[in-house]
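Should a chain be cited, it is by its letter among A, B, C and D, assigned in written order, with residues numbered from 1 in that chain.
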Amino acid sequence: MDSVARLGERLQEFAAARDWEQYHTPKNLAMALSGEAGELVAELQWLSDDETKAGLAEGPLKERLADEAADVMLNLVRLTDMCGIDLIEAANAKIERNETRFPPKT
Amino acid sequence: MDSVARLGERLQEFAAARDWEQYHTPKNLAMALSGEAGELVAELQWLSDDETKAGLAEGPLKERLADEAADVMLNLVRLTDMCGIDLIEAANAKIERNETRFPPKT
Amino acid sequence: MDSVARLGERLQEFAAARDWEQYHTPKNLAMALSGEAGELVAELQWLSDDETKAGLAEGPLKERLADEAADVMLNLVRLTDMCGIDLIEAANAKIERNETRFPPKT
Amino acid sequence: MDSVARLGERLQEFAAARDWEQYHTPKNLAMALSGEAGELVAELQWLSDDETKAGLAEGPLKERLADEAADVMLNLVRLTDMCGIDLIEAANAKIERNETRFPPKT
């Protein structure tokens, strides 16, 4: 099974076991995703590119970013599942549109 | 190859062909992700849950949401790649932490 | 009349004249604010600090940022009004808390 | 002195006393604003409109929202100051553009 489909399945089981499906409307999940994106951005807001590079090499920053990126991903997978959207298909289709929109340098 | 790893590879090729790697710092990508999360939230901001459901059934809303979700995903994949983070591993680890943090109802 | 209170009054008249008060729930306005913050961030996401400085001097970037900052402000004023929050008082109180939290260098 | 101009002055003194002016680039402040907007949205993400209304009447939710709204405001004031933008003027100009863009019901 595809890794993203498997995440969606785990999230569905997680919500069902806690009776949380009632909260997982597209609107609420979009808000949750936006809040998590804000936490991700907050990790990097005062760092220069060199400080980020150093922080990633040391470890704690990388763990914090991985944790926030995971939160964004979980909300994104759950949101697209709730909307009947195939996230991987949509992402590949978007790359293809971008390839036309922004032709490569020659 | 895993679907997310494949997206990362396509994004790497896309950036290289346009000489855009210079812009893909963690900071810039986190900002781009945050901007796309804002566009996703904006699609749903004035809709009631019933209007969202109706909109998803009709089509155009679903396409717009798929497009915005794709933009979030592409920035998330690119950002985690640039930081050396395994997105799928981080997402699964986060589900496991949440399972401990929020024990299921019994 | 204070400039922020006057903005709030204009927004109230604007909403009433269009029968839009029904949409101005705290949840919807928080989403709108978040979406506008995303548009503001998007204006700066690929620019270096030097490019931003040059862009601000030339004009168009400054106008676009002013426009996005205005959108954030209007949603923030409307949201706090709908919640019975005095925005200026809250902002001053926060500065005072920050002064204690982050003592100045001596 | 106008209340927003006064906030800007206090933020300038606050930054100068801590040698933080170096961090207050438009890019960093836009990220900080976006992060705070995410925290504001997170306060409301799982609440129904009725729950928000009840929470605002009880107190703690109102205080938390006031605190997050203040953080957004402080970053917005600081950002516009750093860009030479008059926030109140921009907000009033935007209301006027919206009045033309969305004519009132008659």
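Keep in mind that, in the parts below, a contact is a pair of C-beta atoms (placed from the backbone, for glycine too) under 8 Å apart; a residue touches a chain by one contact, two chains touch by 3 or more.
Given the structure is predicted, the values throughout are model-derived calculations rather than measurements.
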For the pairs A-D and A-B, output the one whose chains share more C-beta pairs in contact. A-B
Duplicate of the B-D contact set - from A-C, B-C or C-D, the pair where over half of the pairs recur: A-C
Per the C-alpha means, the centres of chain A and chain D lie apart by a whole-Å value of 25
Chain A to chain B, mean C-alpha position gap in Å, rounds to 4
Residues of chain A engaged with two or more neighbouring chains: 27, 30-31, 34, 37-38, 41, 44
Enumerate the contact residues on chain D facing chain C in the complex. 2-4, 7, 10-11, 14, 17-19, 25-27, 30-31, 33-34, 37-38, 40-41, 43-44, 47, 49, 52, 56, 62, 65-67, 69-74, 76-77, 79-80, 83-88, 90-95, 98-99, 102, 104-105
In the complex, chain B residues that touch chain D: 27, 30-31, 34, 38, 41
Okay, in this complex, where on chain C does chain B touch? 23, 28, 31-32, 34-39, 41-42, 44-46
